Amino acid sequence: MALPANFGGVVPPICTPFTDSGEIDTASLERLLRYLIDGGVTGIFALGTTSETGALTDAQRTQVIETTVATVAGEVPVIVGALASATNVVIEYAQQAQTLGVDAIVALSPYYHKFSEGEIANHFRAVKAAIDIPLIAYNIPQMIGTELSSANVVTLAKEGVIAGVKDSSGNEASFRASVLNTRGIQGFSVFTGGEITVDYSMFAGAAGIVPGLGNVDPAGYRRLYDAAITGDWDAARNEQERLVKLFAILSQATPGRVGISSGVIGGYKTALREMGVIDSNAMAVPFQPLNVEEATKIRAILVEVGLV
Amino acid sequence: MALPANFGGVVPPICTPFTDSGEIDTASLERLLRYLIDGGVTGIFALGTTSETGALTDAQRTQVIETTVATVAGEVPVIVGALASATNVVIEYAQQAQTLGVDAIVALSPYYHKFSEGEIANHFRAVKAAIDIPLIAYNIPQMIGTELSSANVVTLAKEGVIAGVKDSSGNEASFRASVLNTRGIQGFSVFTGGEITVDYSMFAGAAGIVPGLGNVDPAGYRRLYDAAITGDWDAARNEQERLVKLFAILSQATPGRVGISSGVIGGYKTALREMGVIDSNAMAVPFQPLNVEEATKIRAILVEVGLV
Amino acid sequence: MALPANFGGVVPPICTPFTDSGEIDTASLERLLRYLIDGGVTGIFALGTTSETGALTDAQRTQVIETTVATVAGEVPVIVGALASATNVVIEYAQQAQTLGVDAIVALSPYYHKFSEGEIANHFRAVKAAIDIPLIAYNIPQMIGTELSSANVVTLAKEGVIAGVKDSSGNEASFRASVLNTRGIQGFSVFTGGEITVDYSMFAGAAGIVPGLGNVDPAGYRRLYDAAITGDWDAARNEQERLVKLFAILSQATPGRVGISSGVIGGYKTALREMGVIDSNAMAVPFQPLNVEEATKIRAILVEVGLV
Amino acid sequence: MALPANFGGVVPPICTPFTDSGEIDTASLERLLRYLIDGGVTGIFALGTTSETGALTDAQRTQVIETTVATVAGEVPVIVGALASATNVVIEYAQQAQTLGVDAIVALSPYYHKFSEGEIANHFRAVKAAIDIPLIAYNIPQMIGTELSSANVVTLAKEGVIAGVKDSSGNEASFRASVLNTRGIQGFSVFTGGEITVDYSMFAGAAGIVPGLGNVDPAGYRRLYDAAITGDWDAARNEQERLVKLFAILSQATPGRVGISSGVIGGYKTALREMGVIDSNAMAVPFQPLNVEEATKIRAILVEVGLV
């Protein structure tokens, strides 16, 4: 399916379930996708940061795309990350994903090396020139050390190179500038990658939201989205404040025992396991899974917000 | 060939020459390797940061390894970077390089995601368990946002997981701690990745040096190394101060026109082209090559230090 | 006057007008205060970041406080920064300001040296113990390199040490946590120090706003505040988007010619001069004033948003 | 006394001893000064970072200067920090110190606000114009968030504005550039503020060293200095490696209990107390003193290196 005009709504960046022996758990992945669609999501984003993408082999990436495309089966658009450090590899990933039938590609600014604004723009132009489906830019400087500037977003939007941006920077001023300065560009969508300021972003004019926490509570984010687009800001705020409580599952790992990323992604996976959506909270090496003590704390939070 | 006991000396991280049409220029790569060996290097490091590694496709990586192994033909050890963001991909790269006949593997800490000290150590343990040749750790936090702590270096050295570390952090206190605390571990080598504090590092007890600028002046770094190991510190300092002047080729790009990485790697490549070693200063997309004006400034520096 | 219960509203951090010869321009300061009160502000914050406080001598600080207290004359509360790097000096400044008749003190976390959470909390406790008027904490990590954590804000609020916080961090997640976790504490107020996300902050539950840009357009921020507290979110957003346009006056300095702070504070002062509120855009050494070319651009923005 | 031509050698930044009740302990300060002079230092630096300067009141600063000048009594030069965030306050401090008879002033780049290279240079020019004794620039970006660039150091040295620089940045490349590019400027001295790379800095061409750890072992640093200037690099390295062991006293505070600065300065003070030089390890609020458990670890290190 093509992306709908003004693609928006709730598009969670999905986890990649693993078996305890380190294989992709496709049965769990299928259940997760069903859980999300039943929860009201308007799109699926596979192979984003939440997917442990940097830790997946090429074969695993293919497996995730194939399972996702087959399971979603056109009910909602599937967008897929072609996350790599430079242009030619992004193009390889993007073309492969296109061949496998995805609806749009998500790409980062180039990273590892340090590039200028012009080089970053050329990167997106080269990726777009190599594919026939929409390209969505992804701004997450805390992971790659490079900011995708709002100025570059606007330039690339006006050129038609990118059909949207997912902004996970937490820089609300820059987010707002992207919204204001792309207003009126047909078919261009600004998404927030935040979890706990989604009401702000919708209020500012976001087209949609890409919350990692949406893996755990897709219906909650859908309620928040629906409240926002109908202008019921009190309801949006109340739902957001409830989700702020749920957000605490991301910080239940014992400090120092595992890194921040294991705490966050492990928090999602542990919650999904506790809720019976996926079988294991295993993650790819070198992520360290959360333990029983940490899972107990996460379960308590799920109880508090009514998810188990 | 196996790594010599107490592997050390001058091991430049080689550039990857490209043609103007974006292909690997194997003829130039062969000339570069010959230039380096004739200059007195004691090893070759392919597919490091200087190689534009993050911008190379799998096919290009293979091509570089094959050309390098064939050209060097055992005259000096060839070590090769398996630079990727997480364990399974590093293992794939490392096993492939081993199959192609390299003498040791260089690996980074995991990046993109944020890991704990223990997860980082487990990463190196898993990589080492998957290969039969020595593993060298690579510390370059300015590129990946993660420091490989001296404590982790010492732990992994004592376990025999790593046979050496290349420290490009510029953190001389941490470098020194790695030297002092691995002294006496048989077969463990600490390398500096610096260009302009090599005399310090040798003075502190480094086994060897991995200077990107060694692409341009291998003989200069060999003189510096030889002076240091014979305790002729005045000669070492004088050679280092001469190389500080040459180091200015890294900062001749017009600010803002290209990013820092294009300025640095483009500086090496432009110098090598001016010296007749390689044919073009082209780089992989999205690197932007240096222009005529910038090349003129670089040539003037080469003249000043006596390289052209 | 004492602070009103649940102190809130629009409390701009005022500029310190200077003559071209480097003296405090008290006549301009009086006109600025009158302009702000006529614009509807609910309080005055003197000797904050916008005042060039770090560049003022003790005598100049006294002069600003005396002029402000006398001019405002109880029409609205006057809060005053006791901004210094450590406890004893903050206490000296705070006691002096109390003696001069101000209504509350604003203090930063200790800086220059690096302190623990507990040491930071003790700092605020010691300052509060030394004064008889309310203490407001000020979070601006981009200036002092230290974050005042939301956890510390909540602890100090519950203890009654601080009566409010001005959060200029731009960290909306932390801001929201401070709002949510101090809700229900009698007499505690969370203020945002932002200029272009004020609607978000009011939506999240801020009691008030402390916008530097409020020096230039107090009435605009008052309209935004009034719209927000009456739940007219469309009006709040529209006013905010207008103020985003005005915010461009902060970035009209030629890059490199002057530093960011001269661009920001010089932007306010130049606008106020162009509007006839103050006589000169001079700043304390080492701030470099904006020039004619830059002032022309600022005037054009003022015209665009209807302020001249 | 005037500064000697080519001022150099060992110039420790002295601690400020406090009584347990929070007063300056002048008797301990006198003993510390005597200990340092007897240990062979070539100058005294009062009111630097190690002095807890940001936590001292004006009255305390005066007391430290007076005691220091009187005690040192011309045996070695006394240089004094006029550390404040902007020009006019630095000038006030500097003029006061000059009046009290110090031999040179040390000043930082302006901080808190963010300034351009040109504004930073103007700051030093204005300070120098206001005093009649030499001015030494102080580069410690980890404390103030602003780098004093080597380019600015060289500019100000050539103009005769500054007579030296104390570089505590840990940026060895920048340090080296300052040394190389001021070589041949009469009367200009580059000092390192490091503790564990002093041999490097001397090797590169430093005129002297300003080690905080020199409070604890002045004789060790003097031996290192003497070895270096006579070209006995093996002896210099050996002494440095011994001092690296002593450096561990800076990291004996329980993580999280106190901040880094309390760990460092508290480490010096606790060692001096254990050695009988000063009476208490008390520090100014909000510094938190080291406890018995931490002091026991520090004592063990002093034993190991032969200081008690």
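Per-chain numbering from 1; labels A, B, C and D assigned in written order.
By our rule, a residue touches a chain if its C-beta (ideal position, glycine included) is under 8 Å from a C-beta of that chain, and two chains touch if they have at least 3 such contacts.
Remember, predicted model here, so these are calculated numbers, not experimental data.
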{"item": "Relative to subunit A, chain with the most remote C-alpha centre", "value": "D"}
{"item": "Equivalent interface positions on subunit C and subunit D, same or different at half", "value": "same"}
{"item": "Interchain centroid distance [CA atoms averaged], subunit B/subunit C, Å", "value": "49"}
{"item": "Centroid spacing, where centroids are CA-atom means, of subunit A and subunit C in whole angstrom", "value": "36"}
{"item": "Touching two or more other chains - residues of subunit A", "value": "none"}
{"item": "Pairs of chains, among all present, that meet the touch criterion", "value": "A-B, A-C, B-D, C-D"}
{"item": "Contacting residues of subunit A [partner subunit C, same complex]", "value": "170-173, 176-177, 180, 194, 196-197, 199-200, 203-204, 231, 233-234, 237, 241, 244"}
{"item": "Residue numbers on subunit D that touch subunit C, as the complex places them", "value": "49, 52-57, 60, 83-89, 92, 110-120, 122-123, 126, 143-145, 256-262, 265, 284-288"}
